[in-house]
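Going by the order they are written in, the chains are A, B, C and D; count residues from 1 in each one.
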């Protein structure tokens, strides 16, 4: 019943075994090794293109390093008002970019649309250098509300963004879940729809600690190695990051892992909706559920050993309100979530309702 | 007919004469001189308290230096969504603070209220260090919409802010206009109502280039001299900044200058409202007018030599809309604005309407 | 014959097994887990004191995060002129500290002494804020020249440093090797001799990627979690860092690993000195050898599969000179170096000399 | 007898009069005015070339803004070990450049030579991104020791620097004094000898507060306006900076001012050398004198009203030593220094020696 976060699971066995294998020999440091090369080759194949790929250990580093390659310190990055980069990564984007600004352009919807962009540019000042010029947009796949962007939606945003001179970053902490959910080609969900740089997360979906930055527009990576080094993110025994990705990507393992998380999330949603006092705030399209439940039930579940966190009320859909004595909580499933976890959780809910 | 900005005037004669006087002898550098001391004494008297005061040459430097003393690089500063610090000072606040964040908390109203603060804290995450913690608020007097905050309004904001652990900065680029408008004591409009640090601007109101930072809460100035030096804002012949302030403050000269600007603004507002197709978006309480006029008239006036700038549409009051063929423009009066400037301007308007 | 760097080995089995064990269950993220707690307890026991401990993945992050807690952006850090932080970590220290400065105070000697400090303070300006004030010193154990600082030497430096208001950081990338070499208590080589913060490296000595920051002076860690988060170094599945340290420290494993490296280094030094045209620039006290050899031999060895790197000529002892056709190279042994590696290497040297 | 610093004088009358003239009318803000244009035209004429010119109020801002245009945050700037940018400007260079590093390459000589550069590159690591790459050099004219670089010396440094991919900055806080001293063309002392960007100081030589940045290599100015704005150095009433330069440059006034300072310095040197216990550490080529005198005399002079400061002992020529009871002090003459100042000073010295 651990639905607190997908980072509370460990690594999948296939990932771990590749790490163990990589440990058996000597290798050059700093990513100049066969495991890293193997992982990069796999990424090129999966994304059906040439690309620059680099590995780091955290999502915050991956996102902020990407942004540091896209904007100057006097420029701005547009993003969803609940984006992880603006809410949950302290002021890392500011540090990595040398002081660029994040500008939230949505108003509570589950996804950014090109209209948000058009509205921004309609209003934004162009009296440079007084005004800060927007130079990039960051979108999150799956989104802040657990929704997935279709290729058409991505393309729509990217078209408007590129017309306005923006680079496009995708925070793909749950990109695997989106690919599994949409059954779309990774290329279609990224560069073919206009994404320039993808922060592809493996940690939440079965790695120990491994995130990849994929530069589809290779010249944007020009200064990447300097940014990575001076932020302390050049890992000396780089093979262990390469090995995690090599294991994760092999034989579509990453999608199997994501698919399990998604399937369990969908099933859990169905379970939950079978209780009349529980509601789900957003359609469940990946592995996150935003659930409205009685506060007392939430307390009972947590006391009984279920793990999950209360969520920001502003993450509710526009117009939605919590009733008195209700809370919004987030449940996250993972590659390791099993039917049993779900059933135990529902048993607890049932138990609560029989006594209340 | 120069209503483009109050920085298009020069300096008042009294200010300039004090500079000339200060030039007559040798003096120690870096503010260790009699003119700077005289200015600081005047500030203490006018604000009826002990304080730390420093002089710099631009409003951007004054605001950003103040913020650099109030927040850590991982913290946030709350402000009006149209605040000068967030719209018109590039990413200076980020640079000076080492990467802290500005968070706009209003939604188009002319002034911030304590409700904005309460709503912010209702929603803001407190999962540190993931979330960035708000540590300061910056309010602008006169406001972004040309309105003045009364002592009671300031106190209301400051009370809520202090309860939440915020320091309070006031961007007083047009503080003189607010004092003159409210006929309130400077102390009442600042520390007595809870303001910790005031960026007191003289440049827009009769100085060559002189801004003062007043730390009412003196311990917040602990590292000020280091921030000022490493941002290149420690002027070597500091006496010339001190002299400008000494001249500006002497015999309530600063309020006379501000009063003229305000009076002319009020008169200009009356003039403008006498034309049926012209509207004023916000009450005129200081020296700025936000005027809605036919686009053609605006073009005619500018071609005829009148100076003013189109303004951000988002600065309209909530709900207000421009009709087809209307524009929003900003007119600013200054200490040097005369009846003649106004009359010439109105003559042009009349001329336009007689032919259209 | 892989003497290129101790980061070219993998992890020791005991470390890896602890990672595998930690993978078997769910755990809270961000270091709130039993493995991290176990590691911290072990550190407290080994260092015989209470302390604050945090784990990160690279030595650069560990060093720079430590410095970010010790100095303000307008202050300076004194260090050896060949310190890793000043030569090999890009401008990470500047980034992490918000722009503080590194000041090299030695002149080519193998270790910093208190005389270097005294000479620095004799000359350094104290006209603040114009001059940057030194606020910390960083020393490296084992040193840049592969030497070890005795407790008395550390205490001597720290006494002078503290008298001048400096905090003391120790870059312990090879601290294990120093402890093993000196057979001294870890406490004696750190806080008992005056060190405030130790960057304790495990990566070079048997971990996958694990570095610990130990704050003996706990109040210096006040803002650490914010610095770690905004530099992207808060690892979500923190248990894997804790597990590495738990495995590494268990049953004095870390010292066994270091001892092997040291022993092999000493034996290799003896081997090398048996050849009349090879010289060793500095006494071999840990696991690095700085060897002067004929250029042709160096080329021959590298072509024959031996791995090592040419080294900065300025790392020679003061006065030492390379003869024509000589090069300075660095050889590093590790926990995985075996007699066989050494013997193969010497066989190659012999082979070279029989044909030249 | 005010020899403390050239920033203890005021402004020359010609400069002040131009400011007064500029005050008589309205003007656009931010440098878009006739006075600024006039000053830029004068600079183009005097430097015999097209160039980009910008005005700021302090030398620290001018130097650091120049460097911010020349290097990336992971690169380094080479400079004299006593350069103003490394000793006297806090960590402004680090802040403005986003964290680039200053590397002192001289060892106590009065000027940098191309040999310093060659020696640096002989030793410097090229293992990027680990090592920080040198990308600029900053030289000071007149130098840290009050010496002037001849065109041939500048060219020699610039040739080596450019071969190594460095941009060249000149800190010309006392460039006027150097031009007057060498009777060379400004172009010859700057771009014709290889200088890319010149920080031309007027403040020390007769302005109120006015420094110009001249980009001879215009594409280096690409991002200048953003750096200037976000450091708070875009002055709103820019005409007053333009006016100072217009007045200063008019009719070779700047060189007249500098010439007086130089002439008085030379005369003062002669005066001083007529006393047998006084020595001058470096040849007097501009307007600074580094004088070795008995401590008691120094104290007597200061008590008697003479102003000057003790100087860093490391500024002595290599090998030079102070005897017991001697001090090193710096005397600076200015455009306002008169024969009378000198004579009064010498009278005091004589008075001292008659009683000791």
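One rule holds in what follows: contacts are C-beta pairs under 8 Å (C-beta built on N, C-alpha and C of every residue); 3 or more make two chains touch, one makes a residue touch a chain.
Keep in mind it's a predicted model, so treat the numbers as computed, not measured.
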Intersection of the contact lists for chain A and chain D: B, C
Which of B-D and B-C has more C-beta contact pairs: B-D
Farthest chain (mean CA position) relative to chain B: C
Chain B and chain D, separation of their C-alpha mean positions in angstrom: 35
Between chain D and chain C, distance of the C-alpha-averaged centres to the nearest whole Å: 41
Chain B-chain C separation of Cα centroids, rounded to whole Å: 52
Where chain A touches two or more other chains, by residue: 73-74, 89-91, 94-95, 99, 129-130, 226, 229-230, 234
Chain C contact footprint on chain A (complex, rising order): 2, 4-5, 7-11, 16, 19-20, 22-29, 56-62, 64-65, 89-92, 94-96, 203-204, 208-209, 226, 229-237, 239-240, 336
Sites on chain A touched by chain D in the complex: 72-74, 98-99, 128-130, 223, 225-230, 234
Contact footprint of chain A on chain B as seen in their complex: 73-76, 87-91, 94-95, 99-102, 122-123, 125, 127, 129-132, 312-314
